[in-house]
Amino acid sequence: MGADLVLQNLLSPPVLFFFLGVAAVLCRSDLEIPSPLPKLFSLYLLLAIGFKGGVELKYSGINTEVMLTIAAAIAMSVAIPLVSFPFLRLRLDVFNAAAIAATYGSISPVTFITAESFLASQGISSDGYMVAALALMEPPAIIVGLLLVMLCGPNRSKGQPGVRWGPLLHEAFLNSSVLLLIGSLMIGLLVASQGELGVEKMKPFTDNLFYGVLSFFLLDMGLVAAKRISDLRKAGTFLIGFSVLMPLLASVVGVWLAGLIGLGQGNALLFTVLCGSASYIAVPAAMRMTVPQANPSLYISSALGLTFPFSIIIGIPLYMQMVKRFIPAF
Amino acid sequence: MERLDLIFSERELDKVLAAVDACGAPGYSVMRHITGKGRNGLVVSEDSEIAGGGTNVHMLLFCEPAIAESVAQEVRKIFEYYGGVGFRAKASAI
Amino acid sequence: MGADLVLQNLLSPPVLFFFLGVAAVLCRSDLEIPSPLPKLFSLYLLLAIGFKGGVELKYSGINTEVMLTIAAAIAMSVAIPLVSFPFLRLRLDVFNAAAIAATYGSISPVTFITAESFLASQGISSDGYMVAALALMEPPAIIVGLLLVMLCGPNRSKGQPGVRWGPLLHEAFLNSSVLLLIGSLMIGLLVASQGELGVEKMKPFTDNLFYGVLSFFLLDMGLVAAKRISDLRKAGTFLIGFSVLMPLLASVVGVWLAGLIGLGQGNALLFTVLCGSASYIAVPAAMRMTVPQANPSLYISSALGLTFPFSIIIGIPLYMQMVKRFIPAF
Amino acid sequence: MERLDLIFSERELDKVLAAVDACGAPGYSVMRHITGKGRNGLVVSEDSEIAGGGTNVHMLLFCEPAIAESVAQEVRKIFEYYGGVGFRAKASAI
Amino acid sequence: MERLDLIFSERELDKVLAAVDACGAPGYSVMRHITGKGRNGLVVSEDSEIAGGGTNVHMLLFCEPAIAESVAQEVRKIFEYYGGVGFRAKASAI
Amino acid sequence: MGADLVLQNLLSPPVLFFFLGVAAVLCRSDLEIPSPLPKLFSLYLLLAIGFKGGVELKYSGINTEVMLTIAAAIAMSVAIPLVSFPFLRLRLDVFNAAAIAATYGSISPVTFITAESFLASQGISSDGYMVAALALMEPPAIIVGLLLVMLCGPNRSKGQPGVRWGPLLHEAFLNSSVLLLIGSLMIGLLVASQGELGVEKMKPFTDNLFYGVLSFFLLDMGLVAAKRISDLRKAGTFLIGFSVLMPLLASVVGVWLAGLIGLGQGNALLFTVLCGSASYIAVPAAMRMTVPQANPSLYISSALGLTFPFSIIIGIPLYMQMVKRFIPAF
């Protein structure tokens, strides 16, 4: 049963390279992928996933299921921070609680990509519009995060700059990850609508390389996550618990929603993974700008040091198990 | 002549540049990809780039004391809110 | 008619990614491709285009058409600066006029590559020796640029270093772009002359990836061009007009010359594109060294902020239209 | 001991290095990929690398005043023609 | 306030960081990928990265004189064995 | 006879690009591959070679031949420094002699990869376990190097830190090159043991790109080697002679050992190349840390400026000739 899925996931190249990165840090090797090479991989992955999503979106078209899924995704990215916040406030100040809440409302593109690869290895198909759902879960989480600070935060009249909605919405909708994803998706859509040729010429770049680059990038993510985990230890068991339990809770709701909408198994897994993942790209950047009072090592480290490894190692096969249980194969 | 060393997150570069330009600095230089440690022991490492936080920049600025003074005043406000440090020293043009 | 070609060009992935880059700057997103990643792409593109050109040159051989085309290319790279200079002197000093003149005598490899991709999407073939023509248009333009400064410039006796031909010729013939292009071309020629095997083993790298890397690079070029265009606005309408009209004039002469030599439609388009493009790699570097009095933001921004976008968006389909009109299909 | 900060285009690095070596400097350090703004408001940005202009370098040089003086004299000539700035300050070895 | 400029091989970064932290420095900044020339004319170039030697780092540290003194003492030992240089100067916070 | 092999090797793309890099330095072009791009290539090559080696190791299995080869490899990496040291002491101090000795006991992954490509072009097969031999030749050489310093060096009681075995063994076994190689090899092994799918999905990345990236990287190695050769000239004829004669001697012993073990021609060539190559990645890093008294420009420049070019230009075809003479085709 489940053990099989776990093993198949564990022994896939991307996950194994993630472990290699972790191992390198644990045994204090000097292995590193120097900046800005990781940026090259992450830009590539966003561009490729967006483009492929756009191409598939062209073929699948936009129907009720698509609209429902996107609406559900947005709802989840609003609900998760709202549920997390009061819980986080038990131990943390408003700024940090809001920043972490927003982080968990948002998503992790690499977790999504790893789940896609996992689906491919299982021979289960998914749809391109899930990439649109992915991109659209970032802005609401960012906005909710800041609203929480505004409504629950200390009086800000002491000469500090007030809330400026302009920069906030700008950061929410036009940060580099969201823009590159949405832009590439639209390009994929346009190119596919012109015929096969353009898509074919991009394939060796966007498709064939994808799995290898993902593996390479996860090697780096392993290095980063392992370094971050020691930060987390300082943050205490409360945050450690949150980093695992919140994704679990969110994913249960995710599977339930996916069943309600009537998604197929592939899309359901991706939707669940989106709900259960936490941002370490767009939200931290936005929080840095709009809630500088929050401590980045808290929200970055919990997303990156714990939730991310948890999601790609245990989460994906676990959610698959849940999906298989509650969602009919067709 | 004075030397100003400003170190802060690259996210605030545009704001600081605007302040520096407004004060009439004759020129400046910017180094990116700076890592370091600052208030509350907060570490900015290279993986902050992947994690979305971005790394620091080091801005180096040689100018007359009057300009240095007004740049210092302007950026101090930014640094108080967002973080960042600045230092002054004597120097002379070659 | 033409509108069709324009659309096909506009909706090709490389051009769409160029627009995405421009859009990112216009809406002030923080999207960036950090240095030195753009350098990786540009080195790759030069290496791949040179290698492929060399392989094709092996198969086509060197004949009268090849010699005539190369001679015409060199002639154009001398003539364009000579024609541009007096015109530019109407508003600019000798240094800036000479630097801009040289810039327009030279070529833009990425525009050439985009034109090649456009031809491929049209199913029109071209020849490898055009890459040799491309490489050989750089040195004459650089030399003419400096001769103009020497002959028309102010008396240089005031203790400034005189003209040193050594460094100039060195920069003209051995700058990194020309060297990498010519070197890769010769390698392609040598490898192809040894049989299919070496060429086949390079193909996944030099051919399959090409289109995707070009798209990625044009994303960056979009970012750069959009930032440069505001510089251009400062430079005034005179230079803006020049940046569009000069390429148009040069391309008309280019088509006429191509007809005279008897080039096929594919080669004719590439030749025209070479005439109509302006350098933003080799010439700026050479001018920086030999005419430091010129203001780089003038010659770089006009080549990069206006002529480059104009060429890849409007120029290529427009020139194709001209070529189709004046050059018989075979 | 003196500290020299020289900032100029990477295109002139070889020339400056030759001058520095000729003056007998005991060592130096070079940082690349520096952007900035200088005379006539000319901006050197990262895209200068793609545009063929190249970015700036920051050379840092600690040496005795006599050597500093002769380095200053040599590089001043280069900077006057090609651009670039240099500054001196007091420092001491640890 | 004092300014400390430490330049040494990235291979010793962890050692120096440990020393700096132990002395209670309030913060520091690190620039990587520094090339240069030092004792015995030894050149550290960019290809040292491929060749396994690694390039230099430049650590910049502003702190009170007492801390500067103890950092200087600690890193001097490291620099004597492994190489590296350090310099001090006066500075003030903005 | 041999001339043919030499020519085939000389005219392969990787070697030609190496020459292009050398030529660029000789004619003082400004061609450069800026840091950290070369690091990207070298990380990629190690990852790919390790992964492919692991996959092949899965298919070939571990038998007596494998064990014998690895034992012989380790023996050679101990013997070469021991033989080199007294010879080097004729002219050099203990520190430099030990560091150079260790350098020649160790190996150069890029030379190995170039030899693999050469074998592929000859249609001769080799086995994946040779990658394991490669990785295992680093640690012994590093350890022997330090032992030589300890046993023959000046009395170290003058307050200098004593020998710390911990950091040394750490550096020997967990330096980034060895770790990435061994890690990727194990990943390849694990993935291959799970079936074809994972291997197939990595192929476009690890296999198809390989030859092109190797060519690109050798372009950079040409730039680096040519700059280093002038350092070597300062070091004098003694070291120049050593850099060529030692590899030759080691390779003769290598061929003989390969024959003794009964390796096939492909494995025999790789084994010989390993014996005849000198490290410029792991050993210099380890020596920098453990023998800082040695002058890096001596051991890096001899390995990189002379032995490396010698090996890939003349060494590989020469060793092939020797192998063909002494090792039966099957």
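For clarity, chains are labelled A, B, C, D, E and F in written order, and residue numbers in each chain start from 1.
Keep in mind that, in the parts below, a residue touches a chain if its C-beta (ideal position, glycine included) is under 8 Å from a C-beta of that chain, and two chains touch if they have at least 3 such contacts.
Please read all numbers here as calculations on a predicted model, not as lab measurements.
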(Q) Tell me the fewest steps from chain B to chain E, where a step is a jump to a chain it touches. (A) 1
Q) Among the chains, which one keeps its Cα centre farthest from the Cα centre of chain F? A) B
Q) Expressed in ° and rounded to a multiple of 5, what is the rotation angle of the C-alpha superposition of chain D on chain E? A) 120
Q | Of all other chains, the one whose Cα centre sits farthest from chain C | A | E
Q. From the C-alpha centre of chain C to that of chain F, how far is it in Å?
A. 41
**Q.** Distance between chain centroids, defined by C-alpha means - chain A, chain B (Å)
**A.** 32
Q: Please set out, as single numbers or ranges, the residues of chain C touching at least two other chains.
A: 34-36, 39-40, 204, 208-209, 285
Q | Residues of chain E whose C-beta touches two or more other chains | A | 31, 33, 89-90
**Q.** Touching residues on chain F, where the partner in the complex is chain E
**A.** 34-36, 38-39, 42, 160-161, 220-221, 223-224, 227-228, 279-285, 288-289, 292, 295-297, 300, 304
Q. Along chain C, where are the residues that touch chain A in the complex?
A. 8, 11-13, 16-17, 20, 23-24, 27-37, 40, 117, 120-121, 204, 208-209, 211-213, 215-216, 219
Q) Given the complex with chain A, which residues does chain F contribute to the contact? A) 36, 39-40, 43-44, 47, 51, 170, 174-176, 179-180, 183-184, 187, 190-191, 193-194, 197-198, 201-202, 204-206, 208-209, 285
Q. For chain D, which residues are in contact with chain B within the complex?
A. 4-7, 31, 33-39, 56, 58, 72, 75-76, 85-90
Q.
So in the complex, the part of chain B that touches chain A is made up of which residues?
A. 9, 11, 33, 40, 42-43, 45-55, 81-83
